[in-house]
Amino acid sequence: MVKVGIVGGTGYTGVELLRLLAQHPQVRLHAITSRKEAGLPVADLYPNLRGRVDLSFTTPDDASLTDCDVVFFATPHGVAMAQTPELLAAGVRVIDLAADFRLKDTEVFQKWYGMPHSCPEILAEAVYGLPEVNREKIKTARVVGLPGCYPTSVQLGYAPLFAGGRKLVDPLHLIADAKSGASGAGRKAETSLILAESYDNFKAYGVAGHRHQPEIKQGLEAIAGYDIGLTFVPHLLPTIRGIHSTLYATILPEARDTDFQALFEQYFANEPFVDVLPAGTMPETRWVRASNYVRVAVHRPGGGDTLVILVVEDNLVKGASGQGVQCMNLMFGLPEDTGLTHIPVMP
Amino acid sequence: MVKVGIVGGTGYTGVELLRLLAQHPQVRLHAITSRKEAGLPVADLYPNLRGRVDLSFTTPDDASLTDCDVVFFATPHGVAMAQTPELLAAGVRVIDLAADFRLKDTEVFQKWYGMPHSCPEILAEAVYGLPEVNREKIKTARVVGLPGCYPTSVQLGYAPLFAGGRKLVDPLHLIADAKSGASGAGRKAETSLILAESYDNFKAYGVAGHRHQPEIKQGLEAIAGYDIGLTFVPHLLPTIRGIHSTLYATILPEARDTDFQALFEQYFANEPFVDVLPAGTMPETRWVRASNYVRVAVHRPGGGDTLVILVVEDNLVKGASGQGVQCMNLMFGLPEDTGLTHIPVMP
Amino acid sequence: MVKVGIVGGTGYTGVELLRLLAQHPQVRLHAITSRKEAGLPVADLYPNLRGRVDLSFTTPDDASLTDCDVVFFATPHGVAMAQTPELLAAGVRVIDLAADFRLKDTEVFQKWYGMPHSCPEILAEAVYGLPEVNREKIKTARVVGLPGCYPTSVQLGYAPLFAGGRKLVDPLHLIADAKSGASGAGRKAETSLILAESYDNFKAYGVAGHRHQPEIKQGLEAIAGYDIGLTFVPHLLPTIRGIHSTLYATILPEARDTDFQALFEQYFANEPFVDVLPAGTMPETRWVRASNYVRVAVHRPGGGDTLVILVVEDNLVKGASGQGVQCMNLMFGLPEDTGLTHIPVMP
Amino acid sequence: MVKVGIVGGTGYTGVELLRLLAQHPQVRLHAITSRKEAGLPVADLYPNLRGRVDLSFTTPDDASLTDCDVVFFATPHGVAMAQTPELLAAGVRVIDLAADFRLKDTEVFQKWYGMPHSCPEILAEAVYGLPEVNREKIKTARVVGLPGCYPTSVQLGYAPLFAGGRKLVDPLHLIADAKSGASGAGRKAETSLILAESYDNFKAYGVAGHRHQPEIKQGLEAIAGYDIGLTFVPHLLPTIRGIHSTLYATILPEARDTDFQALFEQYFANEPFVDVLPAGTMPETRWVRASNYVRVAVHRPGGGDTLVILVVEDNLVKGASGQGVQCMNLMFGLPEDTGLTHIPVMP
């Protein structure tokens, strides 16, 4: 049994971790911390857990996190990097759902997250937790920085085009038009997020620049081995969960005979959670609702030189907590899909 | 032209007042105040008003509210009663969208709103702004306290049963099961109101007791002339606008031959905004969306002794700002439906 | 392993059965029939099942349903009663999700479902599949008629008041104001159900009379042992799943000292799927989303003589397919919660 | 007063025409036809019109459409072209909300709409009803073919870049990622449109090819005077109304110094219904809800060579019926905004 601690479990990635871990056959939940809600039974905040999770929130000080095998950080940016050194020293492995261990360049990190990085040496060893790309490194990682929700879908959608340094599309004019449900913004008391402001409505945001753009760029460049230029425009859907990324790329003249469907099917052939759909399919976010699956479809409208890739994921599962559990399984030698075989809820 | 001021126009009843008044042919918008947003063009906060409302928010001090013919208060409870004496002294009439002039009993007011009433003598002269019940008094009122959103629908639905002291149903066991869209909670940054918490969801609230219960009771007792007992249970709909009240009453043995359909049709025969639907109709909230209409249907399932009355209204129009304009029209001798003839938006 | 067949799996109760049974550790899915979709892989119609359910729909003729241990009917009313005699003759047990085996009085059945009952003798032996009331009978039943979605919530909410013939509330003026998500209407191509007609909207329906009223009445009378009078008004929520029943009852003078909270807690003390909430709680439909739980809260506003009981359930799980699996577990001697321990999905 | 007839008013563009025309000060509604609903009062189908529109549907034969000044066709594709010759012969002008008079090339029409064009000579004289582009021609047109909902938003968003043959962006790799509310699919009984299938969900559709692509291409080529290549991907939003088009273009090296904000502001400077937003704005579909406004924002993320243009419109107003009324106003010499000054409904 893996002994698990969660720091900061009051947000959506926290409760989703709890939902998954409480049903995981090889996990023992040991502690969950929240300075603000210390003393409150977890199930009082999230009544879906009534009768299933008996833990109460504890203060970080009371929680014996150092007794755990692994600690998940479901906290605001900056918390994980402050506490990770001590945990590592105690032999505890760390999985961060925030951004502390995503961006390898500390200047880029500081630019987008507004704070200096406090432990660049740990950042250097941290592994980016995208199993489809970094599976082997994750297995032995002491620290895993989980990808953002958008970056997971965008990188998986573009990865087959760049894997192994392939040159199939214009790498400098990628366009990722992404749409996310409101849970991606977190459990925050913000006027713009209330139902009366966001229901029956749709808008783009972060058009001038979004933190996930440099992360995606870094990830794709690591896959490709060359420079990537990406325009990333996120939009807010009036739904709870679900990301739909519509990815565009211009096929290079020399690559026009490529069988992109076959390319994608081969690339993901052995992946337990990435489902390449039959040609012509247009996936829906509900096809992966509340599950760890990602479904991908490849289109080439009119047989022209524009490739359109459609990717759907549940931002709280494969885009966050489910991916965290997937990484944990790899880190502890468990079958990769343990506790992650929930069938999507549809309708 | 009626010269109008609005105090506290940053909330939903404020913007809805602006939408209605900016299209009202007999109104000149003179000032709109907000201490917090002073200096901000109104259309920056509510871009639907771009090109249509040129006003900026001003501080209450700068705004020459005393130059107005009438001032609307779209403020938290307690603000109107603080400022009304000065306005009345200057000859300005007042229409309050909050609760300051609804409850006649100052002890009841204090119990439910947590503050003493600061001007009971003005409260005593204030008229409850439900035109279908108090039309003549509203015409000459100096101060109008507009009904709450739920109370408008519940009182209109029950009124024909009690008007003139009629005794048709058990007056002590009325049950009003009411459902409201989320705009009824206002434009507030509260976690429970964000889309990820309230979408694809439904719940009751205020079951132990809700401020609108004593208001409805007071209103129905004024209509009936005798004691009323009411259980009122509000629910939160995952919609923006719209109230649907399902009202239950037990028909008294001696009233079983009553033609309730005819009773309702007669009672509302000359009302410009109350539409008694044909027998058997089940109204939908969208039938009145963004309009000042209320639609009412009377049912008697199985011909038994339970009466079921269905009422739909738009909580921001007939349940608040539209009703305010309707009262203003009456107060200034304008045709009652001036500026209020918007056809509901459907679909 | 229980060998399971499903007749008519193209609707929502069908796909939900598949979701639950495909994750059930003691079930082998043997056949699923649909005359219309014969030949189509189930996962083509419901892509959430891709990679998890390999079955294709077969024609009822091809399907060797008689090889099964149990057959679920997720069909329109009338299908199960036509095929059940042959299945019983072959030793196959039957669980019907439609109404064929709910109403014991064949005249009442014919009145509400517009067809004569074709096998009254099987109806006579059929057990009403509400485990909390009929657990022992279900264990040995050859035929189980599952309750409707609304009746499950309403009967569970009222049951403690009437169990054992208790006389605590006026039994002739019960009022059940119920609200259901749109999946309750099924996967039907009807104009009134399309999103543009039903989103951002709310309405009552079936006010003059609804099929679930006689079913609830029959169920409560079986529990109470005396006559029940019930007004039942269903409403359509703009949500996918979820039923919220707001139940009203007038407390009898002699029962005013009853501790209703304790009564409910004791009645459901050993139930694996009914959660009596702490006093004062107002449950939300999402608290049981995609799970077999029912959560119940008891209120007595102002300490008066009106009892208000709030019940939430997922109409497709505890209101249909989950309850079917629960009954199947009982029928085959499995732990009652096998394959039903999904934690509600929230947010 | 303009005497107006409507053919086929049972769909959403029909009811929206009625909502607008019933409030239009210079219009007399003369007839509305529907073979299927003949005899039915319009307000029975659309209760939002109760008390405001007294007309009943008539059969096309009974309706004296030839008495009208103008007839709107809110019909399936193919109906308008069948009836237009007779109406023109009687001196009646025609505005078609369907596609019969949009595509100038009859072969392209036949390819995408599956029927031959029955009156190419009328098609040749028909004017494409986009006032911002064709204002003068519309004034004298006998037949106006209104643009599709998506094409209105996409053409207005790209128009300033191509007007007068300007060469500012790569014209062959335009990408229009568009999202529409469900009312765009019409009032159709289709399973995929029901709320339980489309709520809390998002998907692309028509990726392989959509009828609006050739229409947009034709329109932009008419504006530019040279060839245009466009990838158009529509998506289905879980909202009722609203289109949000996110338009991408690669700025040509020689145009990198262009002030695109100024370009857009100048191009639309005198337009009554196109609002160019301040730099940096991200418009929301609700900002134009139930109104004829279009709001446009121009972005250049990171100052790079990709231009991102955001356009919001109400698909039923500026995308259909409102644009029809705008054209009618032009055709009959009325101020262009007559009857179209509704302020967007927000929230």
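Order of writing sets the labels: A, B, C and D. Residues in every chain begin at 1.
Here is the rule we go by: a residue touches a chain if its C-beta (ideal position, glycine included) is under 8 Å from a C-beta of that chain, and two chains touch if they have at least 3 such contacts.
In UniProt terms the chains read A, B, C, D = N-acetyl-gamma-glutamyl-phosphate reductase.
These numbers come from a predicted model, not from an experiment.
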item	value
Pair joined by the larger number of C-beta contacts - A-D, A-C	A-D
Remotest chain, subunit D as reference, centres from CA atoms	C
Interchain centroid distance [CA atoms averaged], subunit A/subunit D, Å	39
Chain centre separation in whole Å, for subunit D relative to subunit C (CA means)	46
Chain centre separation (subunit A, subunit C; CA means) in Å	37
Where subunit B touches two or more other chains, by residue	12, 181, 183, 187, 196-197, 199-200, 238-241, 283-284, 286, 289, 347
Of subunit B, residues touching subunit A in the complex	12, 181-183, 185, 187-191, 193-200, 238-240
Residue ranges of subunit A touching subunit C (in the complex, touch as defined)	12, 15, 19, 22-23, 46-52, 183, 187, 199-200, 240-241, 275, 277, 283-284, 286-291, 295, 316, 341-347
Residues on subunit C engaged by subunit B in the complex (per definition of touch)	173, 175, 177, 179, 181, 196-197, 200-205, 207-209, 229, 231, 233, 235, 237-242, 244, 246, 248, 250, 280, 282-286, 289, 299, 301-302, 304, 306, 308, 310, 347
